[in-house]
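Have a look at the structure below, then the notes.
Letters are used for the chains, namely A, B, C, D, E and F, taken in the order the chains are written, and counting of residues starts over at 1 for each.
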């Protein structure tokens, strides 16, 4: 196979050339990641969510299904993510103060690379699903603080977010 | 990572909370599953299918391709299914009595969990494809008896349907 | 544009050549379709479903979400289906006798072609989702009688299944 | 078509039954929506982003492509969203203070329902793509304040976020 | 809605900023496009294709299904393509000289923008499917001359390729 | 499980019955494949591409993202391909003579089967993306010579295209 002349090549390649990290030399190991997002709603919307009385139905269950399905499709959405066989995805909800609904997701795998993006995609799509189901009763909902809480496995071991 | 207070948590989580079984501790092993469905058609439709004379084309080949493709996407369709690398998917057809076309699919994998849902998804989408291709010549077609015929591998070994 | 020589052409084309019906000349109009499937389970599984006590969570809600999402992707699954903008998809469940859980879906659109396949895909994937969620407690579940119940709109008007 | 007995039916249906709003009676009209998200990074990551010197390549262009593609697939991700033909999707970036990169997306359509979810999905996936491309150089990045800025068209006319 | 300061904005936006053409002001009209690709194979492979004797099965039918399905998903694959409701997709094959199998696809729509990319995607994926099915019997197959043959409808009317 | 009578069976199965090769008995090993395609454009389009001055934005970066994403979805597009966890996908561009832009992709995996189709799908969709982004300034662009350049790993070891 003739290689392209690197001199010619370099300035033809896009400057910000995208590189999908080669994980072929890494060892597959158990890994997990937990991410969170907060959906900020009004007191009235909080009540409707708690009582499962939204006109479009139970937002939390729909969000759970949507988040799990999205986690499995992360590599289709985020260009440089590697496809991973997820061992499990867990999505849970908790009220963290008035009008502050936290979505939390944990993804697990045995693979050569981590599952942060899977956990983050799960909470993002779950939060968007809640947004979609409450937008008929409240405009101006925001999704706050999508972030990684914890990451386990791989070369770097355990990492936890500095502030809870 | 601060855990949500379980007391608060419990009644915030959807009652019917969905749980994707964690297969991370299971050993990957060879597994297979065979499923079947029966498409029930009129004598005239049977003749058109046998003679490959349907106006929309050869339904069986289209159904075979559709079933194989769907098997590979099972985890996108069935929320709590794990993504699996399929070693093979096989789809075949046989007439099981007048107007009774059986679709049979076998899926194989080396994985931590079984492939029943992949085989069942394959026969379901293959049967729907046949439905789609004959619906211009016959309304009222039904798809009967989608079921698992056999399952091999994993902790539970071989399982066969009680009645053939 | 030079046409291929039809004489040469004919025997090169697959015999059962697939033809996606051209709907370009049809008028867009309101259309709906209702389909059903029956999931046949044991008395014990029926109780677990009714009490929402399955280990994997509430199967009916998961099935509802899965069925709605699948309806929107029908054209990706069934090769000769046209992509359609669905106005709505509705999925409901009812017990139709001991151990007989009926899944019923209605799809609606304003389009040049009908939505039978969307309603049928919705009930099929919803039924498979229930299968997936009960298979840990019961092997040998079957899905029976996937069929169209009613179709409205388009040139052929209203069609109802001969027997309920 | 025989209707299920509503008395029997009611307690068989999931409590929080999901309802995809039927938009069939609405008139198609021009609609747009603009959403934003803020990715909060360290000074060093900001410099790498500005100089396009990240090891994985130019995060902003990758994020733009990922956001546009995700907007087109919103209805596959958010269960009760209607599929919409998008007239355009626009994604832009601006620094809104030290370490605060704003992602802004505008989606447009001519349809029977709005495009808020498409704009919100675009900024969410674009922000996740940036996260993915900087996570090798900075852990602890957060995505803040995903929200709708403006919505035009449909029955409710123009809506703007109360605070910019 | 506060606009980002354009001066600040310009050098934050990716240089080669992607723009999805806004088709909202265009009128929907009937459009079609025909594309072609040539798969170049050895005499032995040609014989196996003609006799449908390939070990993996009938490549032409599989290619037809794959091409039709891919055409419907063009907007998921090509970033700046608009989602379009295809009225029909037609795929045919003809031998255009020894070892030269032409794949030809025609896509039709009633929409605000053309369907060139849909026809080109159809022939590309159909050709790749043939490649996949013959690669076990012949390495070194090439796909030649993927191009548009004709385009009809829209402001620019009929366009035909300069040389057939 | 009762087997269908093979005599009856044989003439009910489609003649060109599709067979997805069973890779379950193969050993997973490191594999790679490099493919190329050439996009042939006018001198004016070449200048616009080199100067990143196309009205729709930087075609090469968009093509890179589209190609990487498509490689990960090869098994959804090419019916008999096996789903594979890609270790990396690399896409690069070089001018190979006046108006001849070469797209080159290398895919890597540790799997039981090769990644030719992934590399070929990557260059095909990357080339189509370039086509889409230049078609507003030049009609009549062609994509030439999609082919495999090199393949490593698996039972057959290294294979290189006969002519560079």
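Heads up, the rule we're going with is that a contact is a pair of C-beta atoms (placed from the backbone, for glycine too) under 8 Å apart; a residue touches a chain by one contact, two chains touch by 3 or more.
Just so it is clear, the structure is predicted and the values come from calculations on it, not from any experiment.
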Target chain F, source chain B, minimum contact steps: 1
Copies chain D and chain F touch via same or different residues, half shared test: same
Duplicate of the B-F contact set - from A-C, C-E or D-F, the pair where over half of the pairs recur: C-E
Whole-Å gap between the CA centroids of chain A and chain F: 29
Centre distance in Å when chain B and chain C are each reduced to the mean of their C-alpha atoms: 14
Between chain E and chain B, distance of the C-alpha-averaged centres to the nearest whole Å: 30
Residues of chain F touching at least two other chains: 14, 16-21, 58, 60-62, 65-66, 69, 73, 79-80, 83, 85, 161
For the chain A and chain D complex, residues of the former touching the latter: 14-21, 52, 54-62, 65-66, 69-70, 73, 77-81, 116-117, 120-121, 124-125, 127-129, 131-133, 135-136, 139-148, 151, 159, 161-162
Complex interface listing, chain E residues touching chain D: 1-2, 4-5, 8-9, 12-14, 16-24, 75-76, 79-80, 82-85, 111-112
Residue ranges of chain E in contact with chain C within the complex: 30, 34, 50, 58, 60-61, 64-65, 68-69, 72-73, 83, 85-96, 102, 104, 108-110, 149-150, 160-161, 164
Parts of chain D lying in touch with chain F, wherever the complex brings them together: 58, 61-62, 65-66, 69
